[in-house]
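Dropping a structure here in structure tokens format, bear with me for questions.
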Amino acid sequence: MLKVENLHASVGDKEILKGINLEVKAGEVHAIMGPNGSGKSTFASVLAGNEKFTVTEGKVEYLGEDLLNLSIEERSRKGLFLGFQYPVEIPGVTMANFMKIAVNEHRKYRGEEPLTAAQYLKLMREKSAIVELDSKLTSRAVNEGFSGGEKKKNEIFQMAMLEPKLAILDETDSGLDIDALRIVATGVTRLKTKENATVVITHYQRLLDYIVPDYVHVLYKGRIIYSGDKSLALKLEKEGYDWLINDYKEE
Amino acid sequence: MHHSKFIEALGAMPLTSATVDGGRWVIGLEGDKSVTIKQNSHVELLVHCSAHRQMLRLNVERDAELRIVHVVTMAECKSNIDITLAERAHVSMTQVVLSSAEAKVVANLVEPHARFELGGAFILKGEERGVVSADVKHMSADCSSRTTYKGVASDNARGKFTGLVYVAQDAQRTDSEQLSRNVTIGQARIETLPQLEIYADDVKCSHGATVGQMDEQAILYMRQRGLSFADAKRLQIEGFVKDIVLHAAIEECADKLSDLLQEKL
Amino acid sequence: MENETKNIINELEQSDYKYGFVTDIETEIIPKGLSEDIIRLISAKKGEPEWMLERRLKAYRHWLTLKHPNWAHLDIPEIDFQDVIYYAAPKPKKQLSSMDEVDPELKRTFDKLGIPLEEQMALAGVAVDAVMDSVSVKTTFRDTLAEKGIIFCSISEAIKEHPELIKKYLGSVVPYTDNFYAALNAAVFSDGSFCYIPKGVRCPMELSTYFRINAEGTGQFERTLIVADEGSYVSYLEGCTAPRRDENQLHAAVVEIVVEKDADVKYSTVQNWYPGDKDGKGGIYNFVTKRGLCKEGAHLSWTQVETGSAITWKYPSCVLLGDNASGEFYSVAMTNNYQQADTGTKMIHIGRNTRSRIVSKGISAGRSQNAYRGLVKVARDADNARNYSQCDSLLIGDRCGAHTFPVVDCSNPSAVLEHEATTSKISEEQLFYCNQRGLSTEDAVGLIVNGYAREVLQQLPMEFAVEAQKLLAISLEGSVG
């Protein structure tokens, strides 16, 4: 589904991604871990097409297409979803209206008719239940005045609405208490199918107790320096990154 | 005059040269004057008026820090202070107007990362007329400015504040705030014109203006505890303008400024 | 001299008549320029009574003593007032035989606005019987209004049919001495609307929504007078969301509203006149004086969505004369390309316990200049006056300007007045977020702008709020990319 080869990206003169290789197949869950500043969020942003970053080298294939040639919204409509670490506030624009436009843009792209108001409301009710999102939130402005937990639930709610093929969740667990974490993680798990794939970017092992990864990768200084199965996350939790980083330095 | 004593106490010397590179100075304003604050220096200036019309031009060079306290107590005077700030220059100014006067401050931020802060207050009573203005011109990117001006007019006094924040095209990432807060008492009149003129898009600019009255509840409360109406009123006004004086650009001036306010009230 | 002039006019008039001067095409040859003769001619053409002519002449003589104002933050090219045709009876439109002949760009805009085909045809000047049929609908409408004693007609009609009301109220809120354009309008106004709501009557419908098509072509010097008698209520809507391709460059309208004791008037405007092309060529100059006079306990609310005109100069105001009167002003002003707008409001607090609220949302894009100018004035006896003003500016692109020029003038110690203003831009993060959810950049900007303007759009009558939203998005076209 996703094939990243030797991806280099920079912001201004500063190179942040220095040759990332990663392959994600349908049905898989990948976790990307790594210390602060290793380039995890940048990697997610580049995949989503954030124009702040310039890709200087390498290629990314998504569903057999050159991902890097697509605009941000084309990537979205082709089923790539990014759950933001810091969801942005859009004053005055209600969540319900925002998602309605998004859902219908996705449908239009697939050649489907737009949802009627009634169909849309029904869908919204179903999906907001998945993440136990207070239905009142959908009539409020996008992310405005949402608590940290509400913002993250709201991201997963949107993911449920858009049913992506590839979901990249950037630090979805940060700032969540244990209940919110459970709700968000359960939501993600419920949305899992054989056809879609998930890339979870996280600092902590605790999220991976709920979302069990098939692969765990460690990103450091813009490269994936180590990959393993879910046991790697546990080892990292216990021993930290030092042993890996030290290894890496020796290389 | 109490002024001179105050200045002596602060150890300020009269400024005679046209360039300075440090120290605390006092300028009695008469006619036209220009002073250059040298690169990397830290200078403090106490400005008071000694003539009815004055113009002071301050040229603040790169990385210099200038602190100004300007007190207007002379009636019917017109003062004009025009400040130009070069790269990373920092000017912090306190202005207190206690008489029928016109006081104008213009700050030109012409190079990146210059910072300008102005805290001002006017207190007018009787038949006094005070007109103050503060124009902050962001001519370069990445500069910041803060203006807070408080006005109190009682009896038949009239006060007017005009503030302008101008952001030139390409003065991106300007960060500017302007606040005008006023209280009228009795038959007094206050006019405030806080203006924004913005030609760049990546800016953070806000302004606010309020005209209000004294808190009658608080006055009642104080009187219930035995204060006279006049004292209660005075305490309120003092409380209202206090922060301007407390945060005087030259810390040691705070007490003296506060005395001047007391006297006026 | 006087006699001679009269003779000339008489002669002119007669010859007009003789040669069928009343047909649309003939009106075209009324000479350019402004003089007492021209004013007499206008008045005569409209069959006005003598007292009306006298009023016009008085205004004209006053206008001659005035200079063109230049205090606004506008760059107005010099206007040659002798180069204007003042008798602007509805311009004869080229009748098109089918929708296929309509300018495709105009058609595209109609479609985007979701205007029904029938109305599209009428607006574009396509001859169509279906729309003419709506006249009958209009008539039933008038009957309903008449039952309640509501008068709603053109101002020309009112001058003839209701002279006592016109004499009493016309010019009572905006006298001809008010300003340059008010004087000009008082001298040469072509037509406009008159509306009278009797005591205690609640007007059962949004006035003028139904007359959207008819309101078209009321000319360049429009005059509107609304009188809401004691305890009455009316919601009035001016304008049209469809683009108006008017050849007249100069528009100077006057709107007067008299809100008697305990009456309530809501006045909404959607202005979408031709703003000129992408390079700033052409476009309407829109210099408007709008003011309402509020008596005791009266309430007046102005809502405006301004997206059109090359230059806009407009300050709908409230004079809060009576005790407990209140005024509101809600505005969205959007400028793009080379448009200029200097708009805002005046809230004049004279009575006790008067309240006002100002919410202004400016949006500048392209190379446009957008200024809010406002005055909140509290007179000496306006005890307990309250005002809250909020003026926000949104900048799209780095070649436009957003300016805020409020004046707060307070002469009463019990008044509490607050003004707040912010300036912001659409952030890259917001756009990225919307794009990531599948929205195109254009849609995202439209959405964000509508969100920003929401507080004002909510004030509009339902059906217009929807159109106004679309209009904002359309006006922004080409501003991002």
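Just so it is clear, A, B and C label the chains in written order, and each chain counts residues from 1 on its own.
Simple rule for what comes next: contacts are C-beta pairs under 8 Å (C-beta built on N, C-alpha and C of every residue); 3 or more make two chains touch, one makes a residue touch a chain.
For clarity, every value in this text was computed on a predicted model and none was experimentally measured.
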Pair of chains whose C-beta contact count is the highest in the structure: B-C
Central chain (by mean CA position): C
Label of the chain whose CA centroid is most distant from the centroid of subunit B: A
Centroid spacing, where centroids are CA-atom means, of subunit B and subunit C in whole angstrom: 42
Rounded Å distance between subunit A and subunit C, as computed from the means of their C-alpha atoms: 50
For subunit A paired with subunit B, centre-to-centre distance based on mean C-alpha positions, whole Å: 51
Of all residues in subunit C, the ones touching two or more other chains: none
Subunit B, residues touching no fewer than two other chains: none
Residues of subunit A touching subunit C in the complex: 48-52, 71-73, 75-77, 81-82, 84, 87-88, 90-93, 97-99, 101-102, 105-106, 109, 141-142, 158, 162
Partner subunit A, residues of subunit C touching it in the complex: 427-430, 432-441, 443, 447-448, 450-455
Residues of subunit C defined as touching subunit B within the complex: 73, 378, 380, 393, 395-425
Contact footprint of subunit C on subunit B as seen in their complex: 169-170, 172, 182, 184-214
